[in-house]
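Structures are listed in the sections that come next.
Note that chain A is present in both complexes that follow, paired respectively with chain B and with chain C.
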Partner chain A sequence: MTILLQAVINGLLIGGVYALAAMGVSLMFGIMKLINFAHGEFIMLGMYIAVVFTGVGIPAGLLGIYWVVIPTMVVTAGVGALFYVALLDRAARFGESPQILLTIGLSIGGIGLAQVVAGSDFKLPPNPVNGASLALGDITFQVGPGIAFLLAVAMAIWMAWMLKRTRFGKNARAVAESRETAEMLGVNAHHVFLVTTTISIALAGLAGALVIPYHYTYPSVGEDFVVMAFLAVVIAGLGNVLGSVLGGLLLGCIQSLTATYFDIDLSTAAIYVLFLAVLLLRPEGLFTAARRTV
Partner chain B sequence: MTGSIVGSRLSRRRFGMLSGVALSSGLLPARLSAQEPINLAVIGPMNGSNAVGGEMVVRASKLAVEDVNAAGGIHALNGAKLNLIIADSTDNAQGAITTTERVLSQQKIAGVFGLVISPLTAAAIPALIKHRVSVITASTADSLVTPANGGYLFMIGPTGSALGRVAVDFVRASNTAKTTNVTKAAILYINNAYGQSAQKGVEKLVRESGIDVVLNSAYPENMTDASPLVTKVARSGADVLFPLSDVTDAGLILTALHSARSKVLVFGAGSGFTWPPIGQSLGEKVNGLFGAAAWNWDMKNVVSDPKLVNVTTRYEKVYGGYMPEQAGEAYGAMWMFALAMEKTASADSEKLRDALATMKVTSGYPTIIQPGLVEFGANGANPNVKAVMIQWQGGKPRTVFPPELATHQILTPH
Partner chain C sequence: MRSCAAICAMLAVVAAASFLIQDSYILGVMTVTTFLAIWGQSWNLLSGLSGNVSLGHSVFIAMPAYVTVVLFQTWHVPVLAGALLGIAAAVALAAFIGAATLRLSGPYFALATLSASAVMLSLILHFSDITGGPNGIPIAFTEADWTNLEFDHTRSYLLVGLGLLCVVTIFVAGFRRSRLGFYVAVIKSSEAVARAAGIRIALVKVVIYCMSAALTAAGAVVYVFYLRFLDPGFLAGLTLSVEIALFAVVGGTGFLAGPILGAAFYELIDVVANARFGDVGGWDVMVLGFSVVVIVMTEPRGLCELALRLVRAGGAPARMRSVQREAK
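Then we have the complex of A and B:
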């Protein structure tokens, strides 16, 4: 029983990181109908920015390293806004395909650029979170992934409130339903897209800043997380932002339970079996029955 | 008469000139071509999760080429200088194939050092055979040293199974000395050519040592979380763990072990336990960790030779960290190529291949490779080289086993 509980907890904790990554992907798709293939590279960017901030100093105490989270989100939000204004918006004038190709190009180019600018050294600033855990009897909770999980849940709650209660959220949902109708009613779709991209990339930055205490930073690191994010988004239902959080947590649990009781190689297989089953039997996604959030 | 005398003199002069031209016609082109820089290529991943390996071999190769050139170049070729061609294989097999093909097609290459990790090296072999250019590699997969390499691959360091073996030998020695009492072992290995070869060696030797293998599990290269593996190790009841890992996965496994407050003894094998990132990331926590290494900067054969100490010291000064595993092997390999050129007085890649296959080097800079003797067997393996066990002490990996290469005592087991 202890092993089962530990496996589920481990799964939920790693699932929190997948959920954070998936939320940003899902938000952009839900509102802008755009799959951002460079989302992993924005996570990588967030990691590098956070690592640079740690160079300023890490305050004493177990959680001291997390001071970098806010400034990293601010910088990546700025990058996101610039990304929309300078690239996505311009590419949109030529249709959807150039936007998608742009994100693919940015993904490939981003890795190369990171290699040139930051070098190939693996970066993981020494900090007390790496390897730290809390124990409850025989069950341990890893501190780093635990904080990522808690913030993923907090962000999901904020996102639900923001999309349902704020003016921006209502506008965003209107644009997601029908851009033309929303614009006729006076909604500025460009503004909605700008804010959406900014939030999405800030979420990538948040995910990046939360993993640097216990995961190496290197140019291609984003690929490791974004694959799971895309799977979570599809399994949850494309564009279902809150569903993507549940999708990330579900994938984490499947990965952990399969690896613990069978084989870690089978965990990837199990996830793809679920992915295929969803595509074949429930293409709208597992968590879309209640109603799409966006 | 005079004219004839003159004519005779002219004839002799002309004869002399013609003779000179004739004599030099065989030598001059060689001399001219020899004075041109001789290209040696370093091919390896410069991006992706193994880029740190690519970077270290480039650094060490540059250092070796600078040293060869500073010492007057290749004396047998009138001081021809070496020129390093650096190429990014990327981190995947297709990239390794296309990069190797492109590098060997575009210029004359005397020899190659690469490609850091076994799957990339295996992928590049057909191109190397096709262009008849030999590669000296620090890759470790046993499957590389077979007749299938066509005689064009020379593995300067120990094989993957030898790396696994030294870890098991170390545990056995510790058991004999009553330092440990290991009865149940778990093996976790990265699912690539290196991990598979090392796992075979470790499993066989662990069983032969009378230790039960209670867990033997592969894991994927792009793993993002090792906590399920650690839970599995705990479930198995193992008292020793042999993780056979690259860089990122080693970090994840060690972090997960710390988080789970595991008491299992860890004897790692693979780059993940000896390369700088693990020391940088774990900080003080790294001290005490054991790992099997293909080469280490403070082995007895290195520290007992002042000129080799000078190499490792300069590397540390220039690059700001100790000379890591594959860097030492790259440095030795570049000098092997240089010595082969001296021996054959040629930069022809086939002649160099033949020379490498027969050379037995017991002095000079290639002796940076342990135990200070380098030669290659028929399958391309270096039969004399030994894997070593390191233990992190004071933030650096120190050689602690086997006794003939060790320079440090073992500190409290990790």
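Then we have the complex of A and C:
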């Protein structure tokens, strides 16, 4: 029983990062109808930026390595805004296949760029978080993934509030429902898309900054997170932002349970079977009721 | 059909020219380009013609390669028989993934194929007793024997590859003029029209996905015997999957010569980057990736269209005059 509970706890904590990544992917799809295949590379970018900031030499105080989260999010948000202005704004009218090719090209190009600029070696800044855990009775909580999990939950709550209550959230949901109608009512769709992209990429930066204490940073690291994020997003229901958070946590649990009882290498296959089953039986997703967009 | 004949003639010239080349590095580069072109052409049959972007074609490279080699080395199944089984396995896999995803509209197919290559890699790592896990499987060379796809000269692999590329190109050219090819063209331009015309959209898509998988697999089986080594990170990696899609796009998906030109372009970058920067990797994928971004943003029809435009620009004055004459 302890083993089972421990596996579930580990899974939820690992799932925090998947949830953060999935939230960004799902937000962008929900509002812009575009899958960003380069999302993993934006996480990778966040990791490298965060690693650079850890070298700046701010004394490790109460916040330890986590002070880098804020500057990393600021920089990645800027990159996200640039990404929209330079590419996505024009690509919006290209249709689905060119958009897929555009973002996947950016993804592979980004991996190459990281390899050229930073080299292929694995980086892990020295920090007290790596390997640290808190014990509560028989159950241990990994500190690094735990902090990522807590922030993922906090971001999910913020996201729910923002989409529901703020002016931007209302505009965004209107655009997601019908861009033409929303524009007729005076909503600036370009502005909504710009903010959406910025938030999505800043979330990728946040995920990146949160994993550097316990996960190696290297050029193709984005694949580790983004494949899980894509599967979580589809399993939860494409475009369902809050569902994707649950999806990320669920996949973390499946991964941890498969690793505990079978073999970690089987976890991707197990999740893929679930993914195909969802597409066959319930293509709208596990956590999406009838027809809703965001 | 004219472009198909021109391409085949060109490939025949390359095959003849290869007898003048003794340098094994250059022959190796030509061989790699040829097999990349086979995969690009097979990818184009599905993704270029139907618009369903596959980001997981490396599963149809890894699957038949492992099936053929494991059957050959463990159970001494003849290579050609094993290759047929391997190709059949790839087709079955395509039918399975296709049936689950191709009937849905939306980015499901791209997501499913992208994750499929990650799954293939993790399964190869898990069943390490059979597959050798991360260490892969070396293919022991016994004797030069064409029935086992074992040749003692790189040129033989190049010639087989060029022959296969010819076959695949003729297949794609013939396909575009076939009834199924017209169905696919209709589906690409409008699914609503296709449905109204009574075309069974999902079935057509699954069938061409299976064809594309079979052609990819045929190239893969020969290629691993050229490499003489099954490397899971290469064969089942996400990178190979995505590269195939990307260089085909750079070449131009609407052209028969597009994927071949794209493969040559990509291999050229690779060679130049290796010569210039040595083992500092990343240049090749960086240039490839950002080229695709530029192509999509500026000239979605790829290098072939650019080349055509250059030719047209050269011939434009003459045509302009004849048009002016007609106007009078």
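In the analysis below, the second predicted complex is superposed on the first by the 278 of 294 C-alpha atoms of A that agree within 3 Å, B and C clash if a C-alpha of one lies under 4 Å from a C-alpha of the other, contacts with A are read in each partner's own complex, and residues count from 1 in each chain.
Simple rule for what comes next: contacts are C-beta pairs under 8 Å (C-beta built on N, C-alpha and C of every residue); 3 or more make two chains touch, one makes a residue touch a chain.
Everything numeric here is computed off the predicted structure, so don't read it as measured data.
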Have a look at chain B and chain C on chain A after the superposition and call it: clash or fit. clash
Taking the superposition on A as described, I'd like to know which of chain B and chain C A:Ser107 touches: first, second, both or neither. second
I'd like to know which partner A:Asp265 touches here: chain B for first, chain C for second, both or neither. both
Tell me which partner A:Tyr216 touches in the superposition: chain B (first), chain C (second), both or neither. first
Who does A:Pro71 touch here: chain B (first), chain C (second), both, or neither? neither
Which partner chains sit in contact with A:Gln115 here, chain B, chain C, both or neither? Use first/second/both/neither. both
Is A:Glu96 touching the first partner chain B, the second partner chain C, both, or neither of them? second
Any idea which of 6-14, 24-32 or 78-86 of chain C is the one running into chain B? 24-32
Please identify the positions on chain A that touch both chain B and chain C, taking each partner from its own complex. 111-112, 115, 119-120, 219-220, 223, 227, 263, 265, 267-268
List the residues on chain C that touch chain A in their complex, please. 47, 51-53, 55, 96-97, 100-101, 104, 106-108, 110-112, 114-116, 118-119, 122-123, 125-126, 238-239, 242-243, 245-246, 249, 280-293, 295-297, 300
Which of the residues in chain A come into contact with chain C in the complex? 29, 35, 37, 87, 90-91, 94, 96-98, 100-102, 104-116, 119-120, 219-220, 223, 227, 230-231, 234, 238, 263, 265-269, 272, 275-276, 279-280, 283
Looking at the complex, which residues from chain A come into contact with chain B? 3, 6-7, 10-11, 13-14, 17, 111-112, 115, 119-127, 130-133, 135, 140, 142-143, 145, 214-216, 218-221, 223-225, 227-228, 252, 255-260, 263-265, 267-268
Using the touch definition from the top, list the residues of chain B that touch chain A in their complex. 46-49, 51-52, 54-55, 91, 191, 217-220, 222-225, 227-229, 231-232, 234-235, 247-248, 251-252, 254-261, 276-277, 280-285
